[in-house]
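Structures are listed in the sections that come next.
Okay, so chain A shows up in both of these, paired with chain B first and chain C after.
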Partner chain A sequence: MRKGRVPFIITFLAPPLLLYVVFVLSPFVQGIQISFTNWTGFTPNFDYVGFQNYTALIGDSAWWHAVTNNLKLLIVIPIVTLALALAFATLLTRGGTGGTQHGLAGQRLYRVVYFFPQVIPVVIVAIMFQFIYSTQSGLLQQTLDFIGIDLLELIPNGPLGNRDFILWAIVIAAVWSTVGFYMVLFIAGMQQIPREFFEAAAIDGAGRVRMFFHLTLPLLWGHVQVSLVHIGVGALDMFALMSVMARNGVSADYGGDVMATQLYRTAFALNSQFGYASAMATMLLGFSVLLAVLTFRITRRERLEY
Partner chain B sequence: MATVTYDQASRIYPGSDKPAVDKLDLEISDGEFMVLVGPSGCGKSTSLRMLAGLEEINDGAVRIGERDVTHLPPKDRDIAMVFQNYALYPHMTVAENMGFALKMQGVSKDQRLKKVREAAQLLGLEEFLDRKPKALSGGQRQRVAMGRAIVREPKVFLMDEPLSNLDAKLRVSTRTQIAALQRRLGITTVYVTHDQTEAMTMGDRVAVLKDGLLQQNDTPLNLYDKPNNLFVAGFIGSPAMNLLTGKVTNSGVDVGAYTVPLEASVKTKLGSETTATIGIRPEAFRIVGSEENGLTVEVAVVEELGADAYLYGLLNGGTDEQKEIIARIDARRPPEKGAKVKLAADPERIHVFSTTTGERVSG
Partner chain C sequence: MTNRRAYPGFDRREFLRRAGFLATAASATSLLGACATSGGGDGSTTATPKPTSSNVDARNPFGVDPKAALDVVIFKGGFSDEYAKYHESMYQKRYPDATVKHLGTQEITAQLQPRFVNGTPPDVVDNSGAQDMDTATLVTQGQLSELSQLLSAPAWDISGKTVQDTLAPGSLDPLTFDGKVYGIPYAFNINGLWHDQKLFTDNGWEVPKTWDAMMALGEKTKAKGLPLWTYQGQYPGYMLTVFNAMVQKHGGKDVIKNIDNLEDGAWQQDSVRAVAEAFFELKSKGYILPGTASLSHTQSQAAWLQRKAAIIPCGSWLKSEMKSQVPADFQMSITPSPSLDANDKFPFEAIPNTPTESFLVPSKAKNVAGGLEYLRLMLSKEGAQKFAELTFTLTIVQGVHDEQEHDPVLKSSLATLTAAQKVERLDAATYGTWYRPLVEEAEAAIGVLLTSSLDAKGFVERVQKKADAVKKDPKIKKFTR
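This part shows the complex of A and B:
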């Protein structure tokens, strides 16, 4: 056994490692390399310009506007999504009548319904919400009409045409499409918690709310932590939704512009400043890594055994 | 402190016609240690969980003191429970675990700390107060679970097989500790176990359950001396009582060549039944001479325990031919394996049961 181990390991490790180096690692390195050049992306010639791209980027107010938007998303999307997912998961597992141990009646159906948006491609979600928000008899407008409210009076130019609203209109679509996934994740986590803990807590005098904060949440913390990183990285990206719903970030006077859309426009539209876009990408990479490290640092707790 | 009353309390699990607990009637007096015992699936845990409010009561009522708690949620019943696997909250320290109920009651932090310390002192847990449950041994966890129940000074303690996760030696020492602690605190306790030794040694009274039905409820000694029926007779006592079926004759009951004399009153009670089951505890047997009235038994094994010895033999003759017979014998003069011995018992130490109904007929 010992003799065949090295070839065995190499056989299984080499192909994925090779793919990872060629298609993931090398583009990263190349991207960082390009960020120090003035390459346009279409010419064979380019010069190294040192940190020029980065100094320009730091002084670029449009870039910081996009960063601010990402920060807003980074704060709002995880909190709203995870709070909703936790609430739904708790309802479905412990919200039923007849004690704190039973789920809501019909929870199997709800589980499927809530998970459903997750299987729809993001672009379809974006187009769907464009129809909903449409100022030409969209679902939202018609519903508001029905109760006697004029959408265009409430939100001038409609949700996707208004600089103050576009970001939040897209946040709703983002939350809607992912909340089911985290709900299912949390339900799976909750079902692993032995029911004796909840019985003991019930006898100790905890009601549903205190049971959630004193038991469910601490015991589910590992799941919440992983979800925070996953969803946070997603909030730093948001490219797909933004590129469709905010037309690559330019809609509503750049109200929905984020780092990813701006770097896409910089690389492929605005005179194709590939070097400058690579500097943006490198910074985005830095933010993502920083976010992951910070999340694990801040939320670190000891492993629980039960 | 309070009494506990089960008044015709029943529990029928959804999707089942047969009640898990069937019209349980049980009165537990203030400060009493009541043990519910029975084989698995007999409804003893369900009965306890009905009292805790963790299991719905479909019929009848449960009262704690004068208060009807049948439809109250667990938190309003003023009880504390020790679970089989302790159910200690893994993310809280020992002190936090023990103080959780008080925290839920809104007791101030100082007050909480004081009570937790008192309980910890009582159980020898002071040095572990800042540890998490995973850093404790099984015995320590068990004591924390006890401590969590003690701290809140409930009206009733409920214990669901609290010793079954301990090793044999610790179980014996812990069982006396729990019994002593309960006497000292004087809090009404309902204790569930499947181990009849635990039931006999710990309980003021023992309730034996089978198939959701209460079989007998009495002091340990009365259960041992006067079992109500064949089930209790076979369940209580270790090694178990020898139960043998014999023919009813004019002179008594014939088990093979052994004629067990019957009193006239017992005979009348048996009525027209042609068979009866007699029960003889292992220690009631003595070895008699080969010409005397007795059971002929072929010795299979002799278990020598030092103070006692138990003879395991196979019965010769009668309707229960080849049935295993257990007898306590003199440890210093054990018969040889394969030898045939004759065993007899004092008539007053023989229990007689109806073979058809299983009920006790002797006085």
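This part shows the complex of A and C:
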């Protein structure tokens, strides 16, 4: 047994490690290398320009605008998504109270309904919401009409044509499409919590709300932590939705421009500044790593074994 | 250059694969340095292709190898790619032994950029659409064939003329860099204002030729409960096209030339301000269809076809793009953009040449001769007429469309073109191709001018600021004309 162990482990570890190095690590390294050049992306030729791209980036107000938008997303999306997902999970599961109290009637149906957006491709979600937000008889406009409100008076130029609204209009699409996934994750987590805890709490006279905050949530913390990192990194990216719904960030006077869309345009549309775009990408990479480290630091708690 | 010869196996593919490791090796860094200086330059390093076989004659002026495969990539957008399939069948007919590979796609950059980097680009590229490659960069990097050989070759089926002779004057300007032609802009696109002649006749409205008449019409349409104007809200570039034309008509060629050449204060010239003021009026008088800013190009065009607005700016591809949604009684017609006032330096009829569908032959293509031959056959009478028939759009080949049976769109396009050719031609603005960061900002700003918080002064200042920034930016190569 012992003898064959090392080759055995290598056979299993080597292929994925190799794939990871070739397709994940090496592009990162190359990207960082390119960020120090003036490469245009069309030829093998380039010059090294030192930190020129980075100093230009720091002085680029368009980049700071994109960073600010990402920060807004980073604050709002995780809070809204997780709050909704926790609320739905609690309402829809008996696990929330360990079976001492029942979930909502029709909970199986709701589970499917809330999870459903998760199986729709992001691009389809984006196109669908474009129709919903359309100022030529979109669903939103007609619904508001029905209750006597003029969409264009409420939001001049419509949700996707208004600089101050476009970001939040897209946030709604983002939350709608992911909340079901985290709900299912939390339901699974809640079902692992031993029933006795809830029974004990019930005997002590704790109600639903109290059980949630003092039992369910602390015991679910590991799940919440993982979700936070996941949603946070997603909020730093947001490329797919912004690409379709905000025309790569240009729509509504750059109202929905984020780091990912801006770097995409810089590389592929704006006179092909690949070196500069790679500097943006490297910064984005830095932010993502920083975010993951910070989240785990801040949310670290002792884990309970049961 | 000597360094290069010392590493014969060091091709582009290898380069990409090893780039990461090479960075650490000092010797490799100096090699890359050598490459950069040899290839950077001004793009004039491209050699004209040598004939590949000895059978060069009038029928085969580029010495096409009849057996060599031809690789064609077409932008499959508003014009679809049926016309290209016809052109390919023409090539196949002439060279039955050649296989023709066809790809119709909207993702030009995603499909082709890796191929350029690898040094294996196709033989013919229709570099068009929202995801087209940056032509200026391709030129400066020496990736495109210079086309003088094609232009001086005899025309395919118009006897006694060279290819150059058959083309509408000035049509090659947009793809001319420092005096050399690097591509054929094939479709004779006319950017203008579209209206439904039936709607206008029924109401007794005239197509406005001046901005004052336009504003007067706006009052009349408003009285009928119809907004005067809509545009492709998410793509304010359509309005920038109207803007460029009106500015040049009013102030003359130098005004737009100053803008193209990034002259200091170019956007603060009087004509630019005056047209910005005029555009501001569209907003302040409430002549724009509410909600226009958030519409996509097809949504706004559909609204116009449903007669929810009287006028929309667009290029010649409009009918081809909206074919299925045109009501039966709709008489789609195009006119030039209006004159600003009586002081205009150009008459109303003047239009710029703004051809679309940029056909390129990459310099590193396997079958450059075949690529040139394909371009030559596209510019034939047969090829051009088929294009017009399938897309309702004229080509830059002159005179061949007069004898075709025209639909209303082709008819009004031809009338506009014929009138325009009697007066002096506007220059096509080139800053859009040369300086993409500038045009992106100008588009965003014109959107805000038309539907949101900017006034004419704010618009002019904002775009001028960006023009100054682009001028100072060492990362962006500068051109002049």
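Here is the rule we use: the second predicted complex is superposed on the first by the 299 of 306 C-alpha atoms of A that agree within 3 Å, B and C clash if a C-alpha of one lies under 4 Å from a C-alpha of the other, contacts with A are read in each partner's own complex, and residues count from 1 in each chain.
Heads up, the rule we're going with is that a residue touches a chain if its C-beta (ideal position, glycine included) is under 8 Å from a C-beta of that chain, and two chains touch if they have at least 3 such contacts.
These numbers come from a predicted model, not from an experiment.
K.L.:
Output check: A:N162 vs chain B and chain C. Expected answer is one of first, second, both, neither. What do you get?
P.N.:
The second partner, chain C, only.
K.L.:
Between chain B and chain C, whom does A:I203 touch in the aligned arrangement: first, second, both, or neither?
P.N.:
In the superposition, A:I203 contacts chain B only.
K.L.:
Just chain B (first), just chain C (second), both, or neither: which does A:T43 touch?
P.N.:
A:T43 sits against chain C, while chain B stays out of touch.
K.L.:
Pick one for A:D145: touches chain B only (first), chain C only (second), both, or neither.
P.N.:
The answer is neither, since A:D145 touches no partner chain.
K.L.:
Decide which partner touches more residues of chain A, taking chain B and chain C as the two options.
P.N.:
C
K.L.:
May I ask you to decide whether A:S26 touches chain B, chain C, both, or neither, giving the answer as first, second, both or neither?
P.N.:
second
K.L.:
Please give the residue numbers of chain A that touch chain B in the complex, ascending.
P.N.:
98-99, 101, 194, 196-197, 199-207, 210, 214-215, 218-219, 221, 301-302, 304-306
K.L.:
Using the touch rule from the top, collect the residues of chain A that touch chain C in their complex.
P.N.:
Touch residues, chain A against chain C: 26, 29-30, 33-34, 38, 40-48, 52, 56, 130, 133-136, 151-152, 156-163, 247, 250-254, 265, 268-273, 275-276.
K.L.:
State the interface residues of chain C toward chain A in the complex, per the touch definition above.
P.N.:
Residue list for chain C touching chain A: 12, 15-16, 19-20, 23, 29, 32-33, 35-36, 38-40, 109, 113, 116-117, 131, 133-134, 136-138, 140-143, 233-235, 290-296, 299, 302-303, 308, 435-437, 440, 443-445, 447-448, 451-452, 473-477.
K.L.:
Report the residues of chain B in contact with chain A in the complex, numbered from low to high.
P.N.:
Residue list for chain B touching chain A: 52-54, 56, 73-75, 77, 79-81, 83, 85, 87, 89-91, 100-101, 104-105, 132, 134, 148, 152.
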